[in-house]
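What follows is chain A paired twice: with chain B in the first complex and chain C in the second.
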Partner chain A sequence: MNPAVQAILFYVFAFGALLSALGVVALRNPVSCALSLASCLAFVAAVFFGAGATFLGIAQLIIYAGAILVLILFIVMMLNVKDEHPAAGNWLYCVLGVLAAGVLAGTLSSAALRLPGSTGGRCPVHVLLEHADDLCPVQGSAQAQQPQTTAPTEYGGMLPPISMRDGESDVSLLGKNLFTHYNLSIVVLSFALLAGAVGAVAVGRKLRRD
Partner chain B sequence: MSTPNLISAAYTWGQFTPSFVLVGLALLILLTDAFLPRLNKQLFPLVGSLVTATLACFTAGSSASALFTTLACAATAVCLLMAYDYRSVVSASVAGGNHEDGVAEFSALPLLACAGVCSLIRSRDLIMLFVSLETVTLASYAMAGYFRRNQGSVEAGVKYLILGAVSTGLMIMGAAWFFGTTGTFMGDTRFLLAALSNPYLSAGVLISVGLLLAGVFFKAGAIPMHTWIPDVYQGAPTPVSAFLAVVSKLAGFAALLIILLPLIYLQSTVSDMLSSLISVLAVVAAGTLLVGNLGAIPQQNTKRLLGYSSIGQAGFILVFFISLKPTIVGPVFNYLLAYGIATLMAFAALATLRMQRGSEELSAFRGLGKTNPRTSFLITVSFASLAGVPLTAGFLAKLSSFQALVSTINLPHHIIYWLLPIMIICAAAGFYYYFKVLRFMYWEKPEQNDTPVHFSPVCIAILTIGTLLLLVLGVTPLIF
Partner chain C sequence: MTPLSHYLIFSALLFSIGLGGAIMRRNVLVVLMCLELMLTGANVALVAFSRAQGLEGIPVYDAQVLALFVMAIAAAEVAVGLSLIVAMFRARRGVESTSLTSLKD
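Coming up: the complex of A and B.
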């Protein structure tokens, strides 16, 4: 794709995502909040498509914008939430909250501004794709110069890295990784779901009337 | 460089045997509850405790992960015993009357949480770490809000859920930054070094570590993520508070070790990068010490006091991390062991007092020295160990924390000059508020109608074994 078009599309989608994210926080009506969350997720999915992560984009659309949002909308409508009233807060807490949020936002954006492609007026996606070989520590030129440091056997020992670029489509790569590399993580995830289900049933059970 | 076979399983199934056993046991308990409704449900916590204690014996070993697993399983077993002891309150607060609804789930949830801790201890990448941490957290939410007839418990559950969700979000954000900057989810020193020595990425790595730490600090109870602790400990059922104070905190510190150890191994290579990390850890440790120990002083509710105490003790453990040395794993475990035993004892005694005197205030301990002299001695040992009285395990643990700080004297940060006074003040404050309990036991007179408190055999057993362990560990520094 033409870098100029790529850049324009990226900025349009990123700006749209930012605006709708602001809408989630600023809007009063819960249904509008949920809908602007949907548009935010859709814009992020568009950015994913632009960066070549097709599967991620589709998953984002189906799972987040599709399933999770419908769930949120259902809850909002079932609870029949009226407009949200701003809480009358202590001004000290307001100042502290703004300060903490500002520090977090400043830290994140200062780190983001140091990433390649963030400055210089070029399309970030394009620059990232150009630099991918140098920057990817797994397979790039960066790794060649690294001395082998001794790794602890326990906690953070050596594990085989995953290659993200060996000519496969990202769907098959993701599938392979899920069923091999992250096999046990998914098993442990099932424990988490079990705990959540047991907890939900136990806490949500009907109280006896006696 | 040739590409090795890149796709292969990162873990073996055998490493996760303890988790599988615990989840199997939890499922067995739930199925038995469903299919054998006439069975005496008080068996569930007893069987759960027995199997978990046996598992603790089997997993014992000399490696760090084996030690942590053993402590987690043993503490879970004690919490289940406490839940058995606490059964009258469980029945009254869950279903009302003497119905035993919910006893099975109340014994299955700690087992599931413990399974999460066991797999967390073995995890070597952020995905497994996060998934295990979520297992612990999801089970804990339900446990904290388990007493639905009790306003405080529901409030504790909701508070824990909301604050926990925030910390989970921060942690996921950190994991995303970690993957973006290092290209992997593993705490592998090679990739970390590559990213840290890249001028574009080094700031991103530090941010990712910061966000991950924020998520882990929530579990470990360090500032600024400590705010949930006093409220949740006060509101949650007492065995659950004990579980959160010991097992959940252990999970937090195990996760902290897993995240920080790769950086610790790189410390000599990129020490200028990590100097900011050291300062952050020092400030967090100092803040945690101050908030926990000074906040505990005015408390009148024993569970709140133990909540602040757990924050304060977390501060002493965080001091170990300032030195960023690979040798901290042992001292951290020893501190958690001494703290865990004493805290479990305190909660066990408190659960009995709550049932018999109907109060969790410090005044519930009034006159125990007169009415129950032997048991008071056991409780005294537990609080003395928390305060750090010599000849108890708590003293050696606090001593090693001071030693760890002194060993950083050669670092260019001069942390010791301002942190040492803070530590001394906080240790002294600890003596004041832990001994408030002892003052109520020995100096306050029992009220007219106070009868001796009947401590159940289970509670006496927990207190006696705990006292023996604390005293033995306190006089044998060679083992320690």
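Coming up: the complex of A and C.
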């Protein structure tokens, strides 16, 4: 795909994901929150597709939107949860939450902007405008197609493009890695899932009154 | 193409929104959804680094395997968490975190 189109799609999907994430926090009705979460996770899956992680994008759609969201919606409708009304003394938690979120976002963003090789922690829009020549589809897209031969020591620049060899795909490489290097881990993970299912049944059963 | 820092800023914002929601909201179901948001933000950072560390155009798949594990653990966490919420609803007739004050009173 054209690099410029890819970059624009990333910003569109990221903006949509952040907007629906704010919806999860701000909406009163839990059903609206769950649907907002579904759209946020779908946008993040689109970002995964754009980053070349196709299998993770599909897994995100199936596991989150297909399984987890349906479970959450089912529980919300089973419990008949009412809308949340602001109570007295809740503003303290609002101030605390906004403060913690803002401090964390500022710290992480400034750390991300000061990556080795970056352009000195300036506004991302300015950095993007400087790279506008690389983004232009008419010229300057030739050097972006060159595959990188060494791991980057400087993370500030553009991400290297993905180029698969013949007969290899994202799914086959991920599966090869998963079932060779991480074979034991996936067995342990299956036990964790089994323990989760057994625990859910054990906690959710009706208690006898004796 | 997009620089790595923009992916990281996106992931940081997603994580912070989830953290703020987990602190602010009183409905335990919405707190669980905000936890999902935080896990997804971490996954975005993992995918971006797997792409940035890649050699000869092939991403490093260790990070994507880790992101897959995070998704599986999130599924188990939601199953246990929702059954805990159902048990809490049975005991307290509500899912507000402010109703959990037995130790205080």
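Here, the second predicted complex is superposed on the first by the 129 of 210 C-alpha atoms of A that agree within 3 Å, B and C clash if a C-alpha of one lies under 4 Å from a C-alpha of the other, contacts with A are read in each partner's own complex, and residues count from 1 in each chain.
Just so it is clear, a residue touches a chain if its C-beta (ideal position, glycine included) is under 8 Å from a C-beta of that chain, and two chains touch if they have at least 3 such contacts.
Every value quoted in this text rests on a predicted model; they were computed, and no experiment measured them.
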item	value
Partner chain in contact with A:A51 - chain B first, chain C second, else both or neither	second
Touched partner set for A:L61, first chain B, second chain C, both or neither	neither
First, second, both or neither for A:T180, with chain B first and chain C second	first
Chain B versus chain C as contact partner of A:F191, first or second or both or neither	first
Partner touching more residues of chain A, whether chain B or chain C	C
Contacts of A:A42 with chain B and chain C, given as first, second, both or neither	neither
Which of chain B and chain C A:G199 touches, first, second, both or neither	both
Chain A residues contacted in one complex by chain B, in the other by chain C	108, 111-112, 115, 135, 144, 147-152, 155-164, 177, 181-182, 185, 189, 192, 195-196, 199-201, 203
Residue ranges of chain C touching chain A (in the complex, touch as defined)	1-27, 29-30, 32-34, 36-37, 40, 43-44, 47-48, 50-59, 61-62, 64-65, 67-69, 71-80, 82-87, 89, 95-96, 98
In the complex with chain C, residue positions of chain A that touch it	3, 6-7, 10-11, 14, 17-18, 21-22, 24-25, 30, 33-34, 37, 40-41, 44, 47-48, 51-53, 55-56, 59-60, 63-64, 67-68, 71-72, 75-76, 78-79, 81, 84, 87, 90, 93-94, 96-98, 100-102, 104-105, 108-109, 111-113, 115, 118, 124, 127, 131, 134-135, 144, 147-152, 155-165, 168, 173-174, 177-178, 181-182, 185, 189, 192-193, 195-197, 199-201, 203-204
Chain B-touching residues of chain A, taken from the complex the two chains share	107-108, 110-112, 114-116, 135-139, 142-144, 146-152, 154-164, 166, 176-177, 180-185, 187-189, 191-192, 194-196, 198-203, 205, 207-208, 210
Residues of chain B touching chain A in the complex	1, 3-11, 13, 16, 19, 23, 26-27, 30, 63-65, 95-97, 99, 101-102, 105-106, 108-109, 112-113, 115-116, 119, 124-125, 127-128, 131-132, 134-135, 138-139, 141-143, 145-146, 148-149, 157, 177, 182-184, 186-191, 193-195, 198-201, 203-204, 206-207, 210, 257-258, 261-262, 265-266, 269, 326, 329
